[in-house]
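For reference, the structures are reproduced in the following blocks.
Shared between the two complexes below is chain A, which has chain B as its partner in the first and chain C in the second.
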Partner chain A sequence: MGNCLKAHNNDDISLLRGNESSDVLEQPSGPPPPYHHEPSQRAQLYYPSPNVSRPANQLTEEEQIKIAKRLGLISHLPTGIYDGTSKKGKECAICMCDFNVGENLRILPCMHSYHKECIDDWMMRSFTCPSCMEPVDAALLTTYETS
Partner chain B sequence: MTSMEKRLHKELQLLQKEPPHGVKIDVESIHRNLTEWIVDLEGAQESLYRGEKFQLLFKFGDRYPFDSPQVMFIGNNIPVHPHVYSNGHICLSILTDDWSPALSVTSVCLSIVSMLSSCTEKKRPPDNALYVKTCSKNPKKTRWFYHDDEV
Partner chain C sequence: MAGGLPRRIIKETQRLMQEPVPGINAIPDEQNARYFHVVVAGPEGSPYENGVFKLELFLPEEYPMSAPKVRFMTKIYHPNIDKVGRICLDILKDKWSPALQIRTVLLSIQALLSAPNPDDPLANDVAEQWKTNEAKAIDTARQWTRMYADSN
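Entry: the complex of A and B
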């Protein structure tokens, strides 16, 4: 009751259990299911690795944890509103469009900035800056350790 | 227009305005079908491929630029190079594992020209015969092992 997150399958709850049930992790993990391209479900695809895409109900437990962690890390990265100053760069290298005043940007630890939607989409696949290939999570973890 | 189409139009505009040396596109054909580009490449002056002309085929999926495009050589002149198979497939890490959405048609073309330029001996990959017989039509389905960064 009271779960405001729309669960697409009953397995989502396993994300909440953490490490207390180690037996769950010992499930035999066979070969990954065959890839089905279903354009209608595109919004629900997840990318446990850059070249692997699967709908939420076909993710292994390990992959679900990885994706949940990634969502958490992304939410810690600073965002900002483009105010027309060139300090944050002028163009989003992902969509190649100029920033417009008032648009939402996300700034990575290497100081490269992108449209929030553009970079969040990419970071769900890979935690590297598209422009300089700097790993984003390494820089984040150092921030945690020093603060 | 989807974000993939917008981005491809943008790239097309830039390529028309400032085409890099040795890279040519057929704008008409791209306007007919935005998801498949044929790009004419010329071997660099100071390389073993000087004076040779090649054609690259780019195929873009609807998740471009988040997914890398399929890129391969087509036509009757496939460069003889240790990373280019005789069916046109190219073993280049930026086309799969090291892809980034900040890369573009232009940067992929320039990487390929530079890969050709650093070649010191024209020869096919050692596993060419077996690979060409057994590979998928889509080079992105190959599990490439990028073992050699020198060429």
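Entry: the complex of A and C
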């Protein structure tokens, strides 16, 4: 039970541009990037709601579905590699560290961007943009409707 | 996760020291860099004016994914602060966002002193008094400020 939650992304078909495929393309030639799961100590805890954390095997079925859906939605949000040319937002509002060239960012529908790792951690707790508090899924739906 | 203090906490602490917020003083504890000794001056024009309020602020392991824990150490008569100093403030609970900081949290608490909200009470008896007889409630808040939050 719950193992399916760890193996996310594998069979998701990206609806939006970006994600793993483009990341790989932008990699300079050299050894293939290592395939990595999230570190196991992190993967064990899930947040069915922002203040509740539980290991995967203690989640109710309903919570598991919610989390699986959330993982799916997150994986459809576009990512990009920071190239240093962005006009604004050079600092990640979550870790407060500057974006470095080559780092993986995630861009939310409201156009706020963060380190992928930082924002994914947050979105597993609350599906809102930390900067504008815009619910990410509402914005996603609008994007789908208008495109 | 274990070990060193996250860069963000170090950065926030440095910025708090370099550009302090007017009327707010937050100093990290010598033993524990996640624990801050805070002093907030009662805002001008509020019943807490001229008072000096001590608070404690703690950054939990999960910070900034979860909100800082903040509590008044100085007794205060306020509808959103209870007897043991717990604060009813949305950004400390369900409205927390990792883009908020120690600075913004303390500014919000300062603003809460200027604008008590008896419709969302934590201290029910105080809120009741605030709604039924605001003048008297404000008077009590002033008295408590003199009694417990005297700067001298």
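Going forward, the second predicted complex is superposed on the first by the 99 of 147 C-alpha atoms of A that agree within 3 Å, B and C clash if a C-alpha of one lies under 4 Å from a C-alpha of the other, contacts with A are read in each partner's own complex, and residues count from 1 in each chain.
What we mean here is this: contacts are C-beta pairs under 8 Å (C-beta built on N, C-alpha and C of every residue); 3 or more make two chains touch, one makes a residue touch a chain.
All of these numbers come straight from a predicted model, not from anything done at the bench.
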| item | value |
| --- | --- |
| Touching partner for A:Ile94 - first (chain B), second (chain C), both, neither | both |
| First, second, both or neither for A:Met111, with chain B first and chain C second | neither |
| First (chain B), second (chain C), both or neither touched by A:Arg125 | both |
| Partner chain(s) touched by A:Met133 [first = chain B, second = chain C, both, neither] | both |
| Chain B and chain C footprints on chain A, overlapping residues | 50-51, 93-97, 118, 121-122, 125-126, 128, 130-131, 133 |
| Touching residues (chain side chain B, partner chain A) in the complex | 3, 6-7, 10-11, 14, 62, 65-66, 96-104, 140 |
| Chain C-touching residues of chain A, taken from the complex the two chains share | 41, 50-51, 93-97, 118, 121-122, 125-126, 128, 130-131, 133 |
| Complex contact set, residues of chain C against chain A | 1, 6-8, 11-12, 64-66, 94-100 |
| Complex interface listing, chain A residues touching chain B | 39, 50-51, 93-97, 118, 121-122, 125-126, 128, 130-131, 133 |
